[in-house]
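Multiple structures are listed underneath, in structure tokens.
Two complexes follow with chain A in common, the first pairing it with chain B and the second with chain C.
Entry: the complex of A and B
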């Protein structure tokens, strides 16, 4: 008989599901099937996935729903119903544990509100099972966001945190960790007295400690006001409790205590700055990097939050040999996604400022792992690898030494420019942007990889972040290259595209496009000729942009471009003169006078260099230009600048004035 | 435009209360991409024995007092090709670095002996003797003092028979972009003089390229 056959093989999934769904078998048998199911899937990802595909979750949720609505039973019947509630809640929790597809199925089947009702169940075991399950759901990003700003929700949260049941209090803390994101939410939680309650949980069980540390980190993160409340005179004790917990015997507690302290110190430059705590944090995390489990997977991320943009912390980490430990991770993890991502992120942070770190990383042969990491299945790993490469290549010394001139890196990195994930694309562009400054005249490695064509296409992207980065990379590619290479760049890009990038709606794109032009026209007279041509359209586009912008960076790059053009022939100089002596719209001043009077000394410097190039004594038409400049009031303006507060401006103004005065006698 | 009139012929000493910038000023002639040409006298006695030298600035980070570039020696007797080295520079900015080297085998006495060979240094001497120049305000001084230390050979192996064990005391003039330097290596002939001029000249005009690392 088929039913008895399946009951003899409780491991066969189809039979088990059949029994859960059957209306004709006794509830006792359903309870047994629930238990079987739960026991099979606990800790077994493969089984979970198999049962998910068979639609086990809606079946279990339906049983939970029926049992929950059959409240009010008495005696044995109540006990039986409670068991069904407990077993179905446990099975649901297990499906949700560590598997996003499981969480999704659980939420789709409507389990969430049912589990919430279990928390207030009279039977403590039922409440406990509900809380455990919800806690597991709240470990996933897919869990629903809890709205703290609704008064009744805050009351409910406080009731959870005040519960005597350990799992219920931990659930409360997990809800905060998952849902607290905005400053407003942090303040609301703080004002509701949550911090005090969380601090009291630090003295509880392991799970309460852990949940509380994680929530405290979330409530304080990036919020100086909440941090100061935590650090206030009454809570000095709280801080000491957290500091004590970085020495706890449980690795996860140590990790979360570090996370909490880092959250506090990152809100202000005055918290936890003494060298003792700094090196303790580094040393605790260093040890946790070696943890073989989840703690070791998360440790590099916590380390990253400790050292990112903090040169002093990076130096302490360097001195503690953190780089060696991270590199060991690369040797031993056989590319597990999460740990690999964290490792590259932390290595990237270490390489962001300090040359000693970059040297150590390169000596550790990290680059040998790059080729494989760049084609990893996980987009997060690919992005982290690119970010690492960007920071590691932020070194003129190593770029000059050709440390990144390696096809095994360049080829897969260039391919990432077309990654399906935008963050990977942007990160790959960032890395290539640095690496193309390879200080060779022909940039042969990158040109051979076809980078030019890719960058030109990306410079027309609709995503402004990609457009900026692509033009930035083109600018770096054009830095001090041979005339032949410049011609290749312009011929692929075309003057028309260059002109349209100069007038892009984004100021940051304009700035990069102007500095790309600046590099293209720095070279022989032929370079200037090739880029500017005879029609002067590009110079006109530059002048127009300079007239219409107020952004200092755009003005500076534009003026240096004009200055480089003014080092060309008489026609080039004439085209520059026209732009500089133009008044835009209702402007009472010319572009040149406005730029000379700018409050930004860098713009004043660039403008005076342009004047110097326009008035070089041995150019045939200088005398005509001097007459025009004199009439435009340039000489009196320059006289005001011979004591400019910026030394560079002052010296150049004197030089320009000297050149102008050589022709001055004829004009006065 | 109203401007502040200051006498910049000599550097001032920072008083205890004045904060603000006392670092050497940024100078466009010492920016990335700028190149210089000149000579290095290999012996201080025989003026004729000089190598032609080209220098190009490749990196500049004023916040960290850092400058780097390449140096190409053209007629080196022992080498078949020009020898290119990569150097890193410390800018004496009184914040990151003082006039005292404190390494590379140079004593404070060696430092003073070399710095005083630059005509622009004497106005600073008395203060440098006190504290290495830490309290000097160099923000308006038209000379920038540096140490350049060669780090590796770019185009030849380390066994090429040449040494880069020493370093250069360098003085850059913001006025005309000229560079003077003295090589210091206890094992080489003393006071080998480096003299360089900015390659921008008044015939072709001044050009400035740029790159930025992300």
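Entry: the complex of A and C
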């Protein structure tokens, strides 16, 4: 809007703020301006932002503050003061409604304690206005966390929940929903008798029901002790109340009742597991997915919490045609951020395990929406889309069929590797990890997008989450490819970088770097030669890591890498021998013996395989190595293992022993 | 509501008996109807529910006095709600918005669709009064940002602005926006939102009972010939055609 024309118009923001701040105008005029301001910003995000920029919030808060401290007046002026309190509290609440910047401004201006004093005001309408505004503030993540562990605070909370004023009780419940996070807080609330009070609110007004359902979900979530208390002796009743509410007339109440029940069933596997309630939850949520408003925006998130990592629930959802409904959502939402994000998350959950779900999703042309969703303004949408792609591409069948191999997906997905948001980068890497596996059909497409270069740069990122995923993707890229492709990967990455990734401070990065090396040296002698080269620095790095780590996964990947190297030429085998027979620091045992004595059968298997590769009878230097191994005590160690509880270890140990004995006969 | 149950059970009973299309005489039908007992208090509650939901305060007060039926909501709140409704019906939308905000500021802050429809109604009133410039400015400043937030709103806004393109609105394809029915539609949307915010049903029960009656009669028509009600204002039974 043109600023030049604004100052003369009475309703314009600048003039209005001027009147609010002016000391020279009568209070009646101020009240009118306050009310004007409130009526302009309610429901109007643009106006809220405009007034925020003009500093309206501190002006309103200071009016509230002076009106609040001028209590005790009588007659007309009391009514007037109350109106000022109501109008200023309502304006503050509206600034905080659905706008985090507004919440921040309201908190910064010190409105919070002022609003708290209004709750106990004798005039019910003033108390209403204060409670409403606080409730709106508590709907934002930015609201201050309430400390339940202080006795005084708990008493105050109970007084709110026991209030006769509907807005005040709802405020109490909103405080719990916002602030209850730790197990300790959940227990404290439960011990203070909050649950009983919340259950009684389930019989109240719509807003009390909704607020109570949401807080119950928060108090129970992930806490079996509180859940069992809720289910306790007279529990059947409380639970039945919630179950009844999933059939309530109001969509929001139905949604929150589902959320509450899901919170209970995800907390303990002994509650709400019968097939009746499972399919009811799916059907209720299915219907809510079609809601045009906020409920429909939130429904896919609640659905996701119901089905995530639960194959049985995913099957029920599949049978109920949830996928078709979610896909329809994509057709009609015209790319509204929240709903789009939820839809992709729920679709991602559905595709995480079941091939039938993936097939249905791919048949429904969801992929047509991907290109646009990958460049959506909202980072949450972009991340959710990548997560969906990751799960949908977990299918060998679809990957082999080249379902994801087209520029409309590959190009924007590779671009997401440089997204401004780290979670999006990580999610995009996750999707690419799957897509580059065995993509024999059309490998050139990703290479053409420069994926190799991107991954190498990201493998040096400061964010460990990104390093891990980038190396993981490189590992998958190197899986079963030609030596030429391996050479290409290594020359871009360099063995120096690979060595430093093997010694990364993060164990998860070490593991991926080791298995990348394992994939690179897998196969022909050529591969081993190219990767390990002459200097053996990489083998040294691997050995050093194996000596210093205690993480099973790192040890296993490292040992398998050595095993692959040990299948190379005499120089390679020699380098591996050196590592196996090293004693690190004060260790009395060699790496070899330690690994063979590991309690992890997978590590024992890998180590025995390495020994087998080192003692293959047709290699020229095998007899020298056998001598060294004998003197390092290998024979007695292997003899202990011929009856290993793990069948694989047992067979391989016998095989290794057999090879050793062939040469060993000469030694004895 | 028990009343629904009784009527439906009765009618379903008739259905079950009919193997081919059965004829039920007026005498039989009336006898059956007489067997259905509907409590007077239930009928009264139904009437009170209608009066309260539709906002007939005076009638509700009188009915309470005469029948002793207690309304399920404070009658004083009806007055506020009716003022809002009347303001929209008479085209004073700005006034209505201010009144809703005084009643409960959360209603319009958390209900974007309703807020948009009220603003749209304001625009319609400006156009109706020939304030073209003001209408354009209002559309641009107040409504366009909502259209950016929501594709559906944008389409509705475009439809509304199209009113300005026609000198003679009787030929305008979106001319119905200027009808009184549009005001009534908006008014009833506000009314429903206020009722919901007060934890009250947004629709009276009586119309759904009527709908149910029509549905049940249609079902029954396939199986039996009976004295049906065609004129709902008198509820007179018509003799079955033979």
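In this text, the second predicted complex is superposed on the first by the 632 of 668 C-alpha atoms of A that agree within 3 Å, B and C clash if a C-alpha of one lies under 4 Å from a C-alpha of the other, contacts with A are read in each partner's own complex, and residues count from 1 in each chain.
As a working rule, a contact is a pair of C-beta atoms (placed from the backbone, for glycine too) under 8 Å apart; a residue touches a chain by one contact, two chains touch by 3 or more.
Not measured: the values here are computed from a predicted model.
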Check your understanding: Which of the two partners, first being chain B and second being chain C, lies in contact with A:38: first, second, both, or neither?
Key -> second
Check your understanding: A:97 contacts which: chain B (first), chain C (second), both, neither?
Key -> second
Exercise for review: Based on the superposed arrangement, let me know which partner A:472 touches: chain B (first), chain C (second), both, or neither?
Suggested key: first
Review point. Taking the superposition as given, does A:644 touch the first partner, chain B, the second, chain C, both, or neither?
Key: first
Review point. Does chain B (first) or chain C (second) touch A:293, or do both, or does neither?
Key: second
Review point. With both structures placed on chain A, which of the two partners, chain B or chain C, ends up touching more residues of chain A?
Key: B
Practice item. Could you tell me if A:207 is touching chain B, chain C, both of them or neither one (first, second, both, neither)? Key: second
Review point. Do chain B and chain C land on any of the same chain A residues, and which?
Key: none
Check your understanding: What does chain A use to touch chain C in their complex?
Key -> 1, 35, 38-39, 42-46, 90, 93-94, 97-98, 129, 132, 136, 205-207, 249-250, 292-294, 334, 336
**Study point:** chain B-facing residues of chain A, complex
**Key:** 390, 393-394, 396-397, 400-401, 430, 433-434, 437, 439, 469, 472, 475-476, 479-480, 515, 518-519, 521-523, 525, 557, 560, 563-564, 566-568, 597, 605, 609, 612-613, 616-618, 637, 640-641, 643-648, 651-652
Check your understanding: Which of the residues in chain B end up touching chain A in this complex?
Key -> 1, 3-6, 8, 25-28, 33, 58-59, 68, 70, 86, 88, 139-140, 142, 151-152, 154, 174-175, 202-214
Check your understanding: Considering the complex alone, what residue numbers of chain C touch chain A?
Key -> 97-98, 101, 104-106, 108-113, 115, 141-142, 145, 149-152, 196, 199, 201
